[in-house]
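Here come two complexes built around chain A, the first alongside chain B, the second alongside chain C.
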Partner chain A sequence: MRYIKLYFTCIKRSILSRLDYKHDAIISILSFLFSNACSLCALYFILQAIPTLKGYSIAEVGFFYGFSMLPIAIDHLFSDEFWLVAYRRVQLGDMDMHFLRPVPVIFQMFAQTFQPDGFGEVIVGIAMIIVCGINLHVTVSFGAIFVLVIGAVFGAIIITSFKIIFSALAFIFKRSGPLLQIIYNFTSYAKYPIAIYPKVIRIILIFVLPFGLFVSLPVDTLLYGTYNPYLLSLCIIGAAIVLFALAVLIWTRCERHYESTGS
Partner chain B sequence: MIEVKSLTKVFKKPIRGKGVLGMIRTLFSRKYKEIRAVDDVSFDIKEGEIVGYIGSNGAGKSTTIKMMCGILTPTSGQVLIDGKEPYKKRRIVAKEIGVVFGQKTQLWWDIPLIESFKVLKEIYQVSDEDYKTRMEFLSTVLGIDEFLSQPVRTLSLGQRMRADLAASMLHNPKILFLDEPTIGMDVLVKEKIRLAIHALNAKYHTTVVLTTHDMADIEDLCSRIIMIEKGKIIYDGPLKAIKHRFGNIKTLTITVPANIDPLEVAPYSKDVDMSSKDDKVMLRFDADKVKLEDVVQYAFSSYHAIDMKITDISIEDVVKQILVQQEEAKHA
Partner chain C sequence: MLKKYKPFLRASAMDVMAYKFNILVWVIVTLFEVACLVFLWFAVYQSSEGGIDASINGFTYKEMIAYVVLTTIFGFVTFNNDTLWIINNDIRKGTIGNYLIKPISYRGKFVASNIGALLIMTLIFGIPLYSIGLGVLIGIGFLPIVSVWEFIAHIGLFLVAGVLACLINDTIAYIFGILCFYTTSAWGLNSLKTTIIAFLSGTLLPLAFFPPIFRDIVGYMPFAGLSQNPVLILMMKYDYFESAKVILIALAWLVILELFSKLLFCHAIKKVTVQGG
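Right, the complex of A and B next:
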């Protein structure tokens, strides 16, 4: 309870910081719109050239793409600070202030930044799902909606867990940004139905870096009824809990290796 | 209050080659150089003491302070803050200590100062009542109310330091660690900060450990000093004793005209130590033995000095002297 209150106090502070740089906020919104417009255009042109992708129509691919934005966006809302930890803050010895507070460092990382840019991605993602869903004449069932919501929320937790693990390595290697970037880039594989990939990559995307687990499989379930939605939800929730617990454990182990800079 | 027992911190640094090729070679070598930043350091600090922890650059001061705050884990040895090891019970100890690093702010960079305080109030669970009385006290002592609504990044160095000091006292810690609290500040601000530290110590009986390079800070604040050099303690005791040991050392630096060769001038006496560099001549002497007036007169009459400057003994000088004395004692 105390931490929930503290979280909101800190988030208020983070938003105040953002508002202090008005131009920066405007630029980040514009750049988000621009980069998403670009990637959508690119996707559209590719699909125009190749009318079907292993049998998937443009609306189907759009549906996958739109849905994949949701967990990524939710993660983006809450855990943007870990990028700074991996790339800069440990290397610059800039984490001292967090180690001096009587609150877990990992909690402070979540409370340090709230990234409202994520809302834009949520809106674009939902819009794409609706437009493509109508085009595909999806039959909406409770189970399918349920697994999509679980996929988005717990998928975000899975992405965040990987972010925590690979940014925690910065405590040992001083800078783990590039490594985190490589892992994070795998989320872009999740934007397409995993059926289009060779078997090895499919296995990686379900069991190793399970970004396919919470994007492709739920959408398959909704569109084609491939899996049992409740069983799949259970798998996603289980994976998320295990990974998050592991991430917190790794973080607290690595955090002890933090060395500040000389002065 | 603070117990430090044979505290040691060893940093392992890979031995680096020179140039790009050498750098690449380092990537594959396993040779490490061990740097003992803090080497078998022990001391006790009692409640309410103000202790100066001093030494030259890179002597190991900050490393020790960081281990006492719980940011760094020692290689061996132990720190006990009120009976608890800070690097193991970080969150519990954090409530009992306040820390100010002169070089880095602990405040949030881009929000008004008052908002930072409100967040800290929440983090340290300070009650409304305590918050109000402490803020009143801290505002009067440190004069922070004039810039409470400004974002921290717009504050001057002196203002920021006062703000940091106030922030570190908000939860009324038992111990205050100040790492170079007066670095880069003008005389007036230094004075204000010193007065504030005195006031805090008097009112809340706060134990203060501070590092500084400013002799005046130490004279004004510390009843006891611990001196560290190359990771080892070389002196621990009252300030008076050390001053007595070295006397009232002053250095008179003069600029001599080009036509005078400093080496050819007859020395004043063996009590004045002469050294020269380019057109500058440094005369070191004990002002309790030799009159300042006489040395100045000598400088002008013998060297035809065109400019002069008088400086008191610096911490680096004291350290050097102690080391020389220890070396002599060893040989004797």
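Right, the complex of A and C next:
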């Protein structure tokens, strides 16, 4: 309870400091929307040239693309600070203050920044889901909606867990940003139905870097009822819990290696 | 006259060398990205009406893979550009004042740095990457060579187009850099610039896939010369006449953009306030 209160206090401060630069916030949100619009146009132009993509229509691929933005956006909203940890903060040794406070460092990382840019992704993602969903005339069942919500929320936790693990490595190697970048970029594989990939990649996207698990499989379930929604939800939640626990464990082990600059 | 810019040329070349690790990371990230695109295009062509060997908007499957690989290498070798960040930094820290009192042109400094980076990147990474890329593409028959002499001539034209692309890219970065005088959101400006260039230069997908009117307009904009045109020259999709045409368009844009950036800089520089010294 105390932590929830503390979290909102910190976040309020983070948002206030962002609002100091209103122009900047607007430019960064605009550039974000623009960049998404361009990728969507590109995808649309490609798909227009063919009847279906491995059996998926334009609206269906759009649905995949829009839905994949949600877990990525939720992760973006809450855990942006880990990028700084991986790229700069550990290397510069400016995290002393966090180690002196009587709350876990990992909690402070979440409380440090709230990244409103992520709202841009949420809006675009939901808009695409609605537009494509209407075009598709899908029969909406409770189970399918359930698994999509689980996929978005717990998918975000899975992405965040990978972020924590690979930014924690900075405590050992001083700088792990590039490594984190490599892993994070795999989320772009989640934008398309995994049916377009060769079998090996599909297996990797479900069992090793499970970005396909929480995007492709839930959407397949909604569109075609491929999997049992509740069983799939259970798998996603299970994977998220295991990965998050692992991430916290690795982080607490690694943070002991932190070296202050001494100044 | 040009001698005073030589240190900048040298320094940027040495910078490139100092970041070997970043470059290794780039190679890994890019391999996965290219792989993702290759899978996507493979699925697209497999799903097309004519099957895998069909030609979509003038590109066969093989040409499309060659295009993706070559634009990636081209972007890496040609666009090593920190201009926007450096200008932003100079403005925020006030070091821009140092340049205004020196007898060198602020713009000239960036041109020299860019050419330095282009030279060293081409020598160290460009030659091996293009050799491997082209070697493999030609070897597996994705890039058919009809006449060796024609290929060599196209490589020559490609180099000219490449240098122009590097300079135009730098001018655009410089213009966006000057906009940092008006806003503090360098991050937003940079991602805006990156997106515009990626989309309109044909890096995301060849302009041939765009709707007809849009395609024609974009074809005459400076962006096509940044990535699509040089690569299509190298792939011999353009004959000599078309190659010459796109190179001339690029050259004209370079001049126009340089003039525009000069005007913009003159306006922006009046806004600068340097605190202290």
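The rule is simple: the second predicted complex is superposed on the first by the 259 of 263 C-alpha atoms of A that agree within 3 Å, B and C clash if a C-alpha of one lies under 4 Å from a C-alpha of the other, contacts with A are read in each partner's own complex, and residues count from 1 in each chain.
Just so we're on the same page, a residue touches a chain if its C-beta (ideal position, glycine included) is under 8 Å from a C-beta of that chain, and two chains touch if they have at least 3 such contacts.
All of these numbers come straight from a predicted model, not from anything done at the bench.
When the two complexes are overlaid on chain A, chain B and chain C sit side by side with no clash. Once the two complexes are laid over each other on the shared chain, residue contacts for A:S188 go to chain C alone; chain B is not touched.
Of the two partner chains, chain B is the only one touched by A:C10; chain C is not. After overlaying the two complexes on the shared chain, residue contacts for A:S39 are found with chain C alone; chain B is out of touch.
Touched residues of chain A were counted for both chain B and chain C, and C has more of them.
After overlaying the two complexes on the shared chain, residue contacts for A:D96 are found with chain B alone; chain C is out of touch. Contacts of A:H137 after superposition on the shared chain: neither chain B nor chain C is touched.
In the overlay built on the shared chain, the residue A:K199 is in contact with neither chain B nor chain C. Once the two complexes are laid over each other on the shared chain, residue contacts for A:K22 go to neither chain B nor chain C.
Measuring only between alpha carbons, the smallest separation of chain B from chain C in this overlay is 7 Å.
Under the contact criterion defined above, the residues of chain A that touch both chain B in one complex and chain C in the other are 21. Against chain C, the residues of chain A that register as touching in their complex are 21, 23-24, 27-28, 30-32, 34-35, 38-39, 41-42, 45-47, 49-55, 178-179, 181-182, 185-186, 188-189, 192, 195-198, 201. Interface residues of chain A facing chain B in the complex, by the touch rule stated above, are 2, 5-6, 9-10, 13, 16-17, 20-21, 93-94, 96-97, 99-104, 256, 258-260, 262-263. On chain C, the positions that touch chain A within their shared complex are 21-22, 25, 28-29, 32-33, 36, 39-40, 42-44, 46-49, 56-57, 183-185, 187-189, 191-192, 194-196, 198-199, 204-205, 209-211. By the touch criterion given at the top, residues 11, 58, 62, 66, 69-73, 87, 90-92, 94-95, 97, 99, 101, 103-106, 108-112, 115-116, 118-119, 122-125, 151 of chain B touch chain A in their complex.
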